[in-house]
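Read the structure below first, then the notes.
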Amino acid sequence: MTLFDRLKADAPEVWTSYVDHPFVRKLGQGDLPLDAFKHYLVQDYLFLIQFARAYALAIYKSPDTGDMYQALEGVKAILDVELNLHLELCREWGLDRTAIETAPEMTQTMAYTRFVLEAGMAGDLLDLQVALAPCILGYAEIGRTLADRHGDGLHANPYRRWIDEYSGEAYTRVAAGFLAWIDQTADIYLTENRYPRLLKLFGKASALEADFWQMGLNYPGKR
Amino acid sequence: MTLFDRLKADAPEVWTSYVDHPFVRKLGQGDLPLDAFKHYLVQDYLFLIQFARAYALAIYKSPDTGDMYQALEGVKAILDVELNLHLELCREWGLDRTAIETAPEMTQTMAYTRFVLEAGMAGDLLDLQVALAPCILGYAEIGRTLADRHGDGLHANPYRRWIDEYSGEAYTRVAAGFLAWIDQTADIYLTENRYPRLLKLFGKASALEADFWQMGLNYPGKR
Amino acid sequence: MTLFDRLKADAPEVWTSYVDHPFVRKLGQGDLPLDAFKHYLVQDYLFLIQFARAYALAIYKSPDTGDMYQALEGVKAILDVELNLHLELCREWGLDRTAIETAPEMTQTMAYTRFVLEAGMAGDLLDLQVALAPCILGYAEIGRTLADRHGDGLHANPYRRWIDEYSGEAYTRVAAGFLAWIDQTADIYLTENRYPRLLKLFGKASALEADFWQMGLNYPGKR
Amino acid sequence: MTLFDRLKADAPEVWTSYVDHPFVRKLGQGDLPLDAFKHYLVQDYLFLIQFARAYALAIYKSPDTGDMYQALEGVKAILDVELNLHLELCREWGLDRTAIETAPEMTQTMAYTRFVLEAGMAGDLLDLQVALAPCILGYAEIGRTLADRHGDGLHANPYRRWIDEYSGEAYTRVAAGFLAWIDQTADIYLTENRYPRLLKLFGKASALEADFWQMGLNYPGKR
């Protein structure tokens, strides 16, 4: 059993509240208000910038060069690929670059990103990985679930491209690499006495992810 | 003009939304629901633990020994004095130590504390001080304002002790020391080109403080 | 067996090269050149300032409040007590405060202190403690050994006061507290797979301490 | 005048002791003992790993995305290019990968690298850049100087490839980018009151670079 599976099994309620959040369900059904999606998308762009910093922190925190290369992949994935994809996605939905980059960061965006960065700085690489896991591995799980559940009807879903991205081969590979990397670190740094602390960290990070979806639903101008 | 006064003058809306938040006004009038206050008090205890870490970070970040001693005062004030006062205050309101220490940290508590720690780690001592300022100096301002506004009627206010604490001589001295310390750091590290970044930091920190009051009003069980 | 004893047992050569360094032996015999001692003393003052930062970092890195209080004791011991004792000791040997505070930091001083700070920042509290151990616990061991070995003749030793300090009750208590604290952390964070990394860290820190003694012997002006 | 030129002009002795160190002169003349060069080369490999961490720290410390991309170039340059070049260079001189990766880190290697990482963590991006400058910009200056001074005779120099690398177009471009980046940061963060602190930092880093060359000359087995 991977550390990730164990953590999920021990925090089932908060995990479900995140991966099966109403925002996610509506996204899959295609009936999510467009303004909710756009609000999320802009905040997710700001979120990714902080996540690139978190991966950079993982390079700094790496106990050996193998870890450094693994973490560098994460930085590159965000700064060299994802941010541009995001801007492209935003453009399709009529949001321009300046609007995105100057959007004010919402409390929920700050809460999760700074929590991850701070937990990672205060602790070791394993703490950082566990704090990052709900995002990196949760998105893969959400993508796969929505693709499976709504597979046939996806051509009509306005959010199809988002689902394609996170259920696609490229992202699945990134997530698989990250999953193996955590276990590799856990093999050296995990003890049973430490586990409850990691579980608490995982639970907080998952709850902050659920808050992030909720922020999308509470988009400005919502009646 | 102190840097703090300048920052407040340049972020008047968010500053007012924090220091004159409905929670604060109700606290002064004595008509804040007790459950709101208790909810706030418990979170504020968890908040202070993170703030002791932030002051410790300020020791680590100190460019010279004078700064280290100044920051050490902050750590001691929290760990040796305030936490105990807080537990005492909590006891008076029927909250016991275990209940407080095992209370789950709310998103708003995490958001502000981790934001401060993270901004301080990523930047320099001045960034850390500016992120801490809304809390340390804002509480002094709130204490003073409430004491002035409701001075005569305070004996009947159930929250009188809180107001006494933050308008009292001891806290006023702490705040004055911190105010002078920021200016001393700013004298070395502040440039006009940098100012807009500090203002943004100050605005975010103040908004997160306002969110923290709002969390108090949205206490669990509120109808 | 404490973690500290295990580490020493697994790094006997480097440990002996540190605790039984010629500088230490000469100090015990009282035939250390005064200029070597003064050179050491000034650098040790600069060293302590960095060590206060390392203890502050330990507060920041503390997983729970018990750890925070333990680490705070270390900060206070240095900033509130040891630095003054050091200045007093320096005065006795004719070194004035300004001379000490403006002395250039030697490479060996920077090497050990920055190594500790950096290992602690990159890793977790246990890494930081293991990097600090050779200093805190090694000095207690050296003080005790010299007091035992030269007990009777100490009244004639010009460095008696130094030996008294580190073999004395107060310092012995500090060291005992630190020893127990490491084991407490190790109880939660130590794994067998991780042990070799900690041993490497311990070995490097011990070697850097030996370099620090050697710097004393290579005082400026030595023929 | 760039900040780098100003710093060099204000620390001429330590700067010269570094860029015109006997190791450097012998390298240019081609009469450096091969064992000195090999000793240096192995330590420089370990040095680069820490420098990749320092660039990663710069990503983490970046106040905006432009800085993040600039710092990412540094991480990639080391992890994706330089480390391999180094191993290739080492192979040419008969050093195999395992020998290099398991070589013990010398005090001088630890001293400079940890100093840079620590100064960067404690301070802001400008502190980190100033601490990195002697390495990145000093190597470009050394490469250029040696190429100019010994240009005609280089074909017979056993260390020609090293000189070619650091005087070559690719490295010159990296250095020019870094030079401009510091000034861009200084434009926002430099004050006259702060300058003396940066100068001290620059002086220490340069002295630690000179120590690093000296370590090369004091190779093990040297008579």
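Chains here go by letter, A, B, C and D, matching the order in which they are written, and residues are numbered from 1 within each.
Criterion: contacts are C-beta pairs under 8 Å (C-beta built on N, C-alpha and C of every residue); 3 or more make two chains touch, one makes a residue touch a chain.
Please read these numbers as outputs of a predicted model, since none were measured by experiment.
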If a chain touches chain A and chain D alike, it appears here: B, C
Fewest hops from chain A to chain C - one hop per pair of touching chains: 1
Remotest chain, chain A as reference, centres from CA atoms: C
Where chain B and chain D are represented by their mean Cα positions, the distance between them in whole Å: 43
Mean-CA-position distance for chain D and chain C (Å): 31
Chain centre separation (chain B, chain C; CA means) in Å: 37
Chain B residues counted as touching two or more neighbouring chains: 53, 60, 117, 121-122
Residues of chain C defined as touching chain A within the complex: 60-61, 63, 121-124, 127, 187-191, 193-194, 197
For the chain B and chain A complex, residues of the former touching the latter: 53, 105, 107-108, 110-111, 114-115, 117-118, 121-122, 204, 207-208, 211
Complex contact set, residues of chain C against chain B: 49, 52-53, 56-57, 59-60, 62, 65, 68-69, 71-72, 75-76, 79, 83, 117
